[in-house]
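In the two complexes that follow, chain A is the common piece, with chain B as its partner first and chain C second.
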Partner chain A sequence: MGGAQIQTCLPLCLSTNRRLKKIMYIGKKIRKIVNSEAGFAYLVLIPIVVLIFFMAYLPAIQSFRLSLMYYNVKLPWKTRFVGLSNYVEILKDSGFWQAFWRSCYFVVISVSLILSIAMGFALTLNQDFKGRSAVRVLIMLPWAIPPVVNGFIWKWFLNGDYGFLNGLLYQLGIISKYRPWLADPFSALNWAIMTFVWRFTPFVTILLLGALQSIPPEIYDAAKVDGAGIKSRFFYITLPLIRPTLVIAMIVIMIYSFTVFDEIYTLTGLDPATKTLMMYDYELTFEKGRFGLGSALAYLIGIFMFVMAYFYIKTIYREVEH
Partner chain B sequence: MRYVKHLILYFFVALILIWSLLPLYWIVLSSFSHPVDLYSVPPHWIPTRVTLENFKSILITGKGFRGGGGITATDLIRKGLYNSLIVAGTTTLIMAFIAPLTGYVFARLNFPGKGILFFYIIGMIAVPSWPVLIGLFSEFSKYKLLDTLRGLIILSVAYRMPFDTWFMKAYISSIPRELEDAARIDGCSRLGVIYRIVIPTSLPGLVAVLITSFLFSWNMFLAPLILTYTLKAKPITVTISEFVGQYYAEWHLMSAGALIAIIPPILIVLVFQRYIIKGLMVGAFK
Partner chain C sequence: MSGKKILRALIILGVLILPLFATSVMAKSKIIYMTPPWGVPSEELLKEFEAQAGIQVEVTTIGDEKALRDKVMTAVAGGISPADVIFTGITNLGIFAHGGCIVKLNDIVSPDLLEKLVGVEQFTINGDLYGVPIYQQMVMIDYDSSVLEKMGASVPKTWNEFHELCLKIKKRGIKEYPITFGARAWSWYLIALSMGDPLFDENLNPTFDKPDSGGLRAMKLLQDFFKEGLISPERITNVNPHPAFWAGKAVFHQAWQGSLAISNDPKRSKVAPHAKYMLLPDEHYTWSLPAALSISKLSKKKAEAYRFIEWFTSEKVQRYLYEAYGMFPANKDVFQALGKEGKIEGYDVMAEQAKYVRYLPYHAPWYTEFENEVNNTIKKVARGEMSAEEAVKHLADFVYELKKEYQ
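Up next, the complex of A and B:
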């Protein structure tokens, strides 16, 4: 059967010799485009530009449109344009403000805890000791695991009936009775922060370690000769020199801690005690089906994020230029 | 004095290790322990008998699971694992192909609109993902991408673009370009240069990019939570979260499930450790 096909195809090919030439001509042209700098660049970038448009910019525009409408998935016939009233409704909502301050608390505590812990880790890991490379790898593990599983690990770790923390404190004689650590609202929020801090510290540690290693050791030697102690060496040499990295790390932590979702989702779910802005918006949009209102809140969160990301990129650009 | 200094140093190292590994040890301990050992006050810190029964329950028999809707525990775990492997694996493969290209384009070529295009791609970082996700939901349902592996792959590839492009651009820029120029003069095509010279010389950077891409798509949760609704496409992160809700107090079984979900990323970190730390230090961004 294959032979027959070729036989019928042959005369057809010959008769379309002109077409073939055209195809070859186009082929040559394509090769020329591919080999020119601009042509090659556009060939690579155009599909990516389209992809990013559909996956990021267009949905961002669409949800902005949604934020100007009354749109409840459960009451689709009521959909109508309402202008900025979604934004007004949110800003007047006391639940929003509670979630907002909770998020701010989350960010402030996360930034200070992570920066100080990671600083301690980086300073320690910058010393010479046996098994240093192994330790460096092991501390990366919390960073690699899925945040949503991280939330579960801590939920079980803190469990009031059989959890690790209770067992440990009981064994050490610090508590005489098991405690439900996640039952009290304030303590639940703090433990949610702790969960995030645990996952995010390794990343910041590695960042700071990189910065510490880029400091030439001669500076320390010179300072030692001049009689500077550990403390003054840290405050007058180390800190100023790694300041750029500290700023970058701080902004990264701010961005990520402001939008923590996964950990809280499994740790406490939609518990009011840990309802940060993200949890609040998730509930509003996907539990209550109020897409319009949810989009408006998403945009308010987005504005905070944008401001932070703007400073992040600006800082990086400035540091790169240095 | 020196001795004391060392002692303090090792004390701190021990503290760091305890902090980083204790919660993980708890999960490992819980998933290999017999319930009797685990549910005592206080628990047995080292199990009296190591058992694989918990893994057997969630992977083969599904014992102890009370989830409804005709979905068994083994389905949740197995399907979730499969979906995650497909999504993360495909994303990584696609990035292995694209990242060197975009990195090369921005590091080596000159063309009109270069600055704008670079900003267009990097600017994605500043577009907050949360409002985007709400918009994506309606877009996905329009293009029939809701609840498909295809949709998740497209999404994670798109969201790896800015970091991977940025990283590869920086990495390729740091390599001398003489070799490429020589190959070009010898008649090597542009693609040939990329695959024969640029990729081999920037391999450490590329590996770092691919590892972070894999981890990113493996760990994705909020997007698939919203964009998938059956086992056809739910990744392991989503099925685990349901799992946790439906096993009630069977913590030893849930721990075994959680351990299964964290094994691939942990293995990757352990195997490719060198690249990750170097990559993070060079790149300074995730």
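Up next, the complex of A and C:
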């Protein structure tokens, strides 16, 4: 090899050597990360985090961006940044407030009905009787039904032309002719609530049943010895001891009933009588193509949900401390 | 141990990444067609197309046109192509075209193909074509002729006669609810148009709010139908009018061109074989709800998509649509051939009705919002929460407001 050749080769070899060393160093680092427990955990978590980011957070960020813009899908050329004016417009809209109060009514009635019915079921299922397991399974069934299917079942059940309820009441002689159960706006809203109550009660029943079974029977035995009746045992032992679960159940029902969509949509569509906030948001976004306003409303609903979730988590922590 | 961990991590990554890779490889000769159930060709036909063109078609069936619209809009807003070929019902034309969901087809479609089809102008906005028509669908009324025969009554020629006849049918206890019209925009359009009100003038300003306009009279009549129990209150929430007619519960039914194929099928309808079309009362006008196939703006396979559209308008597919779903072919030759073969029931009334078709401004970007408002308002009118005058005024104001925003 000539001196000139060595002179040209030397810097090249040195740089290749340096690159090799760098690659080896990076390889070592990666091996170190993979070999450590934490490093491996992160590695496995990366795909999930990426998926969640793309499927949940990215749309949420995109939606927030839209909520600050005038974005009507049919007027794409008019799209512009408008700051908080979408939020202001919604809060000034009478349609929003009507839907809001309808949602509140939905929540209040749902919470009251579900908690009382579920409590009754849980207390019954907590007793020893033959076929208890079968009854538990039967009671759980509505919870297993997807909301859309549940909505269709109720739509058929309440159909004014050939519905099951009309058929049953007519056969029993309770009604003389078939009735349109959903024609009246107030009863339409109440029936929509019923569909939700029907699906959600089993879940709360199981929650409460779990809480009831965690109460030691000795407490009841002692109370009986002291002469406490059923009423006293319920109000002074059962209720205080399952209170944390009751509160959690109440918050969960509130969150779900506030955001119920599928059942109402399948039962009555976009009927003004059952237009809750979620339905109103759907109408704004998809019927009217106003993605900006729809996103702003979604965030307003989200803020409300966030407050609910805050209380929910706080209650859970308080229960753990308790 | 570390090797095993790396292997595990690689497997997890592989499981997540491979399907994406596989999809992109497979997508080379495949297009996606999004349609409601009545736009689906048979499996055999699709296989035939695949063999002919070398293009595989994946059909995504969506329950109805509303749900289809939601999917398309959501995908487009997110910058994703919902499908390569999109079924565009006339009610979705405005929102798809103005929303940039579908491409202009002027340079893609051959003039020879368009020559063969009916309804091209309905899918044209400002000279730009957005869909290739696949079927035509006038809105009509059909009726149970056995009831009219029993009563010795003739087919009503005016809305007054129609109203009186329905009252008689109810009074005699023949049918509790003689009319089946849903509490929705279509029922109002049907009555108003046939009363001679075009609903909009050439500048798309409402004509229905003028004193004694057809729109106002139609709204009043519709309210009376509900008030007098001529239409079942069930139709307020359950707006689909067809099942009640097929169950033999009504005499008059808001139907469509081709509905007799179902109404007179004894397997599907109790009215069979007595269902007949009637020419709409008064001034006879109606409108049409045709459908077309469009190409997604975000599709990367526009040429393949067009090939599929071209095939869709061929005789075989057009005949299939008619035989399977009662959809009248947009292909003029096929339509005439079916008529000559005597396969179209009520051909004479249909041909007469076809002389009285008006176009509603479905191409206007604000029209879906207007129709949604009409649906909401009619429910309130049917429930007696709003008078016909208030409803019509509210709708007219709504149009002006929309027009201002969309200008």
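By our rule, the second predicted complex is superposed on the first by the 285 of 322 C-alpha atoms of A that agree within 3 Å, B and C clash if a C-alpha of one lies under 4 Å from a C-alpha of the other, contacts with A are read in each partner's own complex, and residues count from 1 in each chain.
Just so it is clear, a residue touches a chain if its C-beta (ideal position, glycine included) is under 8 Å from a C-beta of that chain, and two chains touch if they have at least 3 such contacts.
Note that the structure is predicted; figures quoted are calculated from it, not measured.
Steric overlap between chain B and chain C is present once the structures are superposed on chain A. When the two structures are aligned on the shared chain, A:M55 is found in touch with chain B, with no touch to chain C.
In the superposed pair of complexes, A:V44 makes contact with chain B and with chain C alike. In the superposition on chain A, contact of A:L68 is made with neither chain B nor chain C. After overlaying the two complexes on the shared chain, residue contacts for A:Q171 are found with chain B alone; chain C is out of touch.
Set against each other, chain B and chain C touch different numbers of residues in chain A, with B touching more. Contacts of A:V107 after superposition: neither chain B nor chain C is touched.
In the superposition on chain A, A:V34 makes contact with both chain B and chain C. Touch criterion met: A:T268 reaches chain C, while chain B stays clear of it. By the touch criterion stated above, A:M250 is placed in contact with neither chain B nor chain C. When the shared chain is aligned, no partner comes close enough to touch A:I242: not chain B, not chain C.
With the shared chain A as the reference for superposition, chain B clashes with chain C in the stretch 55-63, and the other listed options (55-63, 181-189, 289-297 or 361-369) are free of clashes. Counting contacts by the rule stated earlier, residues 34-35, 40, 44, 51, 59, 62, 155, 159, 161-162, 286, 291 of chain A appear in both its interface with chain B and its interface with chain C. By the touch rule above, chain B contacts chain A in their complex via residues 6, 9-10, 12-13, 16-17, 19-24, 26-27, 30, 38-39, 41-43, 45, 98, 101-102, 105, 109-112, 114, 117, 120-122, 124-136, 138-139, 154-155, 157-159, 161, 189-191, 215, 218-219, 221-222, 225-226, 236-238, 240-241, 244, 249, 251, 254-255, 258, 261-262, 265-266, 268-270, 273, 276-277, 280-281, 284-286.
Touching chain A in their complex are the following residues of chain C: 1-2, 5-6, 8-9, 12-13, 16, 69-70, 73-74, 76-78, 94-95, 98-100, 176, 232-234, 236-239, 243-244, 247, 249, 365-366, 368-369, 372, 375-376, 379-380, 383, 385, 406. If you check the complex, the residues on chain A that touch chain B are 34-35, 37-38, 40-42, 44-45, 48-49, 51-52, 54-64, 66-67, 117, 120-121, 124-125, 127, 129, 133, 135-149, 152-157, 159, 161-162, 164, 166-168, 170-171, 178, 198, 202-203, 206-207, 209-210, 213, 245, 248, 252, 259, 261-262, 265-266, 278, 281, 285-286, 291, 294-295, 298-299, 301-302, 305-306, 309-310, 312-313, 316. Remark: chain A residues 31, 34-35, 40, 43-44, 47, 51, 59, 62, 73-76, 155, 159-162, 177, 180, 182-185, 188, 267-273, 283, 286-289, 291 touch chain C in the complex.
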